[in-house]
Amino acid sequence: MRKAAVELAGVSKAFGDVYAVRDMDLAIADGEFFSLLGPSGCGKTTTLRMVAGFEFPTAGALWIHGVEMGLEPANRRPVNTVFQSYALFPHMNVEENVAFGLRMKKVGATETAERVKRALDMVQLGHRADASPTQLSGGQQQRVALARALVNEPEVLLLDEPLGALDLKLRQAMQVELKVLQERVGITFVYVTHDQEEALTMSDRIGVMNEGRLLQIGRPEEIYERPASRFVADFIGEINLLPATVVDHYSVRLLGGQVVRGSTGAEPGSEVTMAVRPERLELFGSNEHIADGLNQIRGTVVRRTYYGDVFYYDVDTPAGVVEVKEENRPGVDLHEAGESTVVAWDPSATTVVED
Amino acid sequence: MALPETAAPELELDSRRAESRRGFLIGLPAWAYLTIFFALPLVIVLVYSFATRSSTGRTQLTGWNLDSYRRLVDPFVFEVFQRSFFLALTTTLICLLVSYPFAYYIATRGARLRNILLVMVMIPFWSNFLVRTYAWKVLLGSDGPISQLSQALGGEPIRLLFTNTAVLIGLVYGFLPFMVLPLYAALERMDWSLVEAARDLYADGWTAFRKVTWPLSRPGVIAGSILVFVPALGAYVTPAILGGARTTLVGDYIVDQFLAARNQPFGSALSMGIMLVLLAATVIYFRSGAKEV
Amino acid sequence: MSISAGVRPKSPTERMLAGNAWLVYAFFYAPILVLIVFSFNENNNVGIWTEPSLRWYRDVLANDAVMSAIRVSLIVAAISTVVSTILGTMTALSLERFRYRGRRAFDGLVYLPIIIPDVTMAVMLLLFFAQSFQWLDAALGWRPSFGIATISLSHIAFNISFVAVVVRARLGQLDARLEEAAADLYATRWQAFRRVTFPLIAPGVVGGALLALTLSLDDVVVTSFVAGPGSTTLPVYVFGLVRRGVTPLINAVSTLMLVASMVLIAISLGFQRTSRSRVAIREQELEPN
Amino acid sequence: MNGMRRAAIALMALMLVLTACGDDSGGEVQAADCNVGEIDRTTLNFYNWSDYMDPDLIEAFETEYGVDVVESFYESNEAMLSQLQSGVVYDLVVPSDYMIKIMIDENLLFQLDKDALVNYGNLAEDFRTQPYDPNGDFSVAYQYGTTGLGVNLEAVGEDFVESWALIFDPEITQHFAGGVSVLDDPRETMGAALEYLGYSLNDTDMSHLEEATQLIQDAKAHIATFDSDQYSENLALGEVAVAHGYSGNMIVDIGSADNPENFVYILPEEGATLWIDNMAIPTTSAAPCTAHAFIDFLLDAENGAQLTNWNYYGSPNEAATPFIEQEVVDFYADTADANLEVIEDQGDYEINYTDGLARAKG
């Protein structure tokens, strides 16, 4: 008996000669908010469509709550989808849209009416039941799409970039709303997005995909703090990537010969990349006292950029140009272009990834 | 975890095959119908185009030859094709220019009004073709309302009848619904929120039209253009009645081969020629259309 | 109710559109007006007005040949419109929504009847029917005869393509996600088609059907070749008249057909309205208050 | 490409098969054998031009013989021919002159049983034998007419030459407001041009035909329309000054003009076309004897007159003359003296007439 809400084992999907998804293993727990994150064309939407039943895997198997579903058509799966374009039926009003699934399942008229009303109230659209979807704003359409899926009480809700078409403010508000909603209804959400911020703020766990492969699965902080590969490190947030050579399991040598600490499992002598986030770096004047135990590299400030709440420094070091992010606090020391400085950071902030 | 043997490649292939089979089966009735009642008869014409006309106008199914095709490369035939081609092209362009705003107007009305307006387009065409064309003769004649209006305004009597303008008016009139219907079908369910979104972004109505409405209505434009261009190329009754048949067009040239000269082989070869030209023209049209989108 | 009507203000563009629409309608109906006026003309000649009279209406009702031609035309138009609309819509679906071996060949086959000159189609269908009837006779001892059946079969053969082209134009811009959404919401293939796809392509289907009807009612050449004893259609009869001069009898026939179609449309529109309001009432009853 | 080759091979195979089972013409002449008034089938499939037959006559025949006449209509000789060749069953047809010749050559017509036609003697001598049916074995004339010129006296003046120059000589036609109308029919129009040039309308000399083509080309500037349908109406409406066309339409439309006295119908002195539509019985007929009865019925003097009084065409039925309206008799009176020719089918040469007119129009 399998316990996971959704489980994929060795799933691949080919369109002609091109693989959209390769050999994917994934288990999503019941009640989890799981995001698939990756650039466009990485295979995340194809994966979602296989779970929904719009595409069938070329190889591998797929279970939903322990039931093999790989080749089951979409209408026989206990999942519902919120489409990127919402795909609301334009010839039906809001109420008819929401009631569609229940009518197909032959739920009684009274129960249907009740559940539709409840679903619409839940998304605060009870007053627009008679409206045509084309009369609604983007945000309202999004909520109708949500209500239309949730009213069926699916075991798993699939969301394909549902906030992609909304403007920034609305998107941020909806992120919170979605998360709250998910916690309230307790349904498993599988959320596809290319927006790392969305994924980080909402998800219980994230799967990062590229070129059809699932590169890393983990909680948001794991993905952010401990990227397992250069791609994940680069894709999520801002990061400095410096070429390095492994010295031993605890240190690497940067270009210019500087050895810094950072744990790695790679063989000594192998070529790796050292990754460190700009906000974990600190910038000191060349004569300032620096606490022991920090990694250090000397360099010259090339540029300082003002962002209001933060400053960014581009610092030219023998290991490469390094970006440093410093908060704009009262009394902070400003460094000018041309100034000789030392970039320092705690070794725990160093991640060594193999290429 | 062992790989389960379900959902193996063959099974997915099976499901894709099932999907293909479903599509094939949906098309099958029409396919079978057209094969029996169109493709097979077409083969007869193809065969005839290689045959010889007997002295009584029967088609002799012996002594196959390419004579009819040789006649196709005559400069006169080319001239006839060319003339018909430009007439059809002009007709199509005028139809498009008139129909687009018209279909747009209908498509943006309320649902009930929309249906009434659409049917009102078709009603005139359920009368008789010949009678409609004769009615145009009355309108365009030297005693017709246009001429009388001109005289009332102190001008000369105007006779449009037997001119190229009259032919164009007649053709546009006859084929306008063929353009309006597909355009309407394409515009009717246009997502107006897209247009509004575009107006939001571009602010200017013309740009919104060019960037959103027009590309989205393209399938309708293409279908309509074909439905007008093709019959306009073969038209012969309208040019005869309103234009006085003063020049030879492809349509009446072919009709004359079958009905006056009873030269079925040459008529068949001409038909094959016109079909090839039209196929080529539409393929080019589709290609260029696909690129522009 | 429509969004556009409510949202759009009466802009200059809107006024120009309306103006253009009225001009186009004037263009459509100007000859029809002439046609109707001359149907009440005493004179033999379609274009020379003498005095008002109902002579031609009396003649229509008394003329068996014309009445029979109208009957044949309507039967053929009804059969060919219904069959070609169904087959044409299926064709459009098959070509637009599926991928399979031979699809391109099918696409080409569907396109050919549109581009073939009508006289060529007429000749080839006649030869085809003659040949196949001969074979049927030899094989089964059954020889079908030319008539309404052969005319209808021929009209369907060219109408399928016209319907398919119009429906495809509609289907082509329909969001495929809508069908997936229906499947996602437990609709079977058929339910998804009936509840979502079909209502959305309906304007295209109706447009195609109207086109088929028009083509069938206007066809002369193909019909005159594949007709049989007692199955002359109205257009063939009218074209036969030109040798002797067309009389306003045909204007009277056309006027009667116009009136009949307007009445039919008025009835169907009225029916549409009542059935729609009934649905609305039923759905209101469902609402728990 | 493989598919192409397969298709080509299939096509060639089909051609071979068709060649093998091809030409089935050239059988024996079939002669009908009927008694006077014999009805071998009580349904008669009558295939005729539209509006050419008085419904009252049909009814009278049906009552007298207890036969059900099913009428069908065609709009061209060629459509009718194609139908018969394809085995569509009609019992009685009304082809024009040249078409009778073709149908005889193609063995599509019964040799008539003259013994069953007791009224055959009513037929005028001139109409019993014609070049297309030299012994009158296969056809009986139904109605006839001529092809000439309708002239608007107001536009042309009272004084004019009765010649094809009225449509072909630019020196003359340039003065006509509205121009002239010429038939859009290869044989008629090329024939008129040939006659104007002094040749027969059945001339088959290519150089003469080229002259005729050139003549039409030069005259084209003042030819407003090539029209086989609406010429008489255009004439009566004043749209054209002179119209080339068939007598029947001319008489009807001139009669219905505002001022009929302003119009005349003339037969050019160089010669003009006489055309005759004929009743004939296809070999596929299921009721040849009923068809004979019908032909004989129409050969009756009073019935023949009733037909002409109804459709205003010339009657070949000599005995009917006393019963025909004087107006119609007068109209056709001068045909007897005119220089008239019947269009004959010219076999392989036919295609040149069609081509000649197409090229003349450009």
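A, B, C and D label the chains in the order they appear, each numbered from 1.
Criterion: a residue touches a chain if its C-beta (ideal position, glycine included) is under 8 Å from a C-beta of that chain, and two chains touch if they have at least 3 such contacts.
Remember, it's a predicted structure, so these values are computed and weren't measured experimentally.
In terms of the stated touch criterion, the partners common to subunit A and subunit B are C, listed by label.
Think of each touching pair as a link: the shortest run of links from subunit A to subunit C has 1 of them.
The chain closest to the protein's centre is B, with centres computed as averages of CA atoms. Relative to the C-alpha centre of subunit A, the farthest chain centre belongs to D.
Across the structure, the highest number of inter-chain C-beta contacts is found for B-C. Each chain gets a centre from the mean of its Cα atoms; for subunit C and subunit D, those two points are 35 Å apart.
Between the CA-based centres of subunit A and subunit D the separation comes to 85 Å, rounded to the whole angstrom. Once the centre of each chain is set as its mean CA position, subunit B and subunit C turn out to be 16 Å apart. Counting partners per residue, subunit C has 1, 3, 46-47, 122-123, 127, 200, 220, 238-239, 242, 246 as the residues that reach two or more other chains. Counting partner chains per residue, subunit B has residues 134, 137, 141, 189, 192, 258-259 touching two or more of them. For subunit D, residues touching at least two other chains, in rising order: 76, 79, 85, 229-230, 237.
Taken pairwise by the contact criterion, the protein chains fit none of the simple patterns, being neither a path, a ring, a star nor fully connected.
Taken together, the chains touch in the following pairs: A-B, A-C, B-C, B-D, C-D. Those residues of subunit C that touch subunit A in the complex are listed here as 1, 3, 175, 177-178, 180-188, 191-192, 195-196, 199-200, 286-288.
Within the complex formed with subunit C, the residues of subunit B that make contact are 19-24, 26-27, 29-31, 33-35, 37-42, 44-45, 98, 101-102, 104-106, 108-112, 114-132, 134-139, 141, 173, 176-178, 181-182, 184-186, 188-189, 192, 196, 205, 216-217, 219-220, 222-224, 226-227, 230, 234, 250-251, 254-255, 258-259, 264, 267-268, 271, 274-275, 278-279, 282. Against subunit D, the residues of subunit C that register as touching in their complex are 43-48, 50, 63-65, 68-69, 122-123, 126-127, 129-130, 133-134, 145-146, 220, 224-225, 227-232, 236-247.
The residues of subunit A lying in touch with subunit B in their complex are 9-10, 25, 56-62, 68, 70-71, 90, 134. Residues 1-5, 7-8, 13, 16-18, 20-21, 24-25, 27-32, 34-35, 38, 46-47, 87-88, 90-91, 93-95, 97-103, 106, 108-125, 127-128, 131, 153-154, 156-157, 160-162, 164-170, 172-174, 189, 200, 203-204, 206-208, 210-211, 213-214, 217-218, 220-221, 234-235, 238-239, 242, 246, 250-251, 253-255, 257-258, 261-262, 265, 269, 272-273 of subunit C are the ones touching subunit B in the complex.
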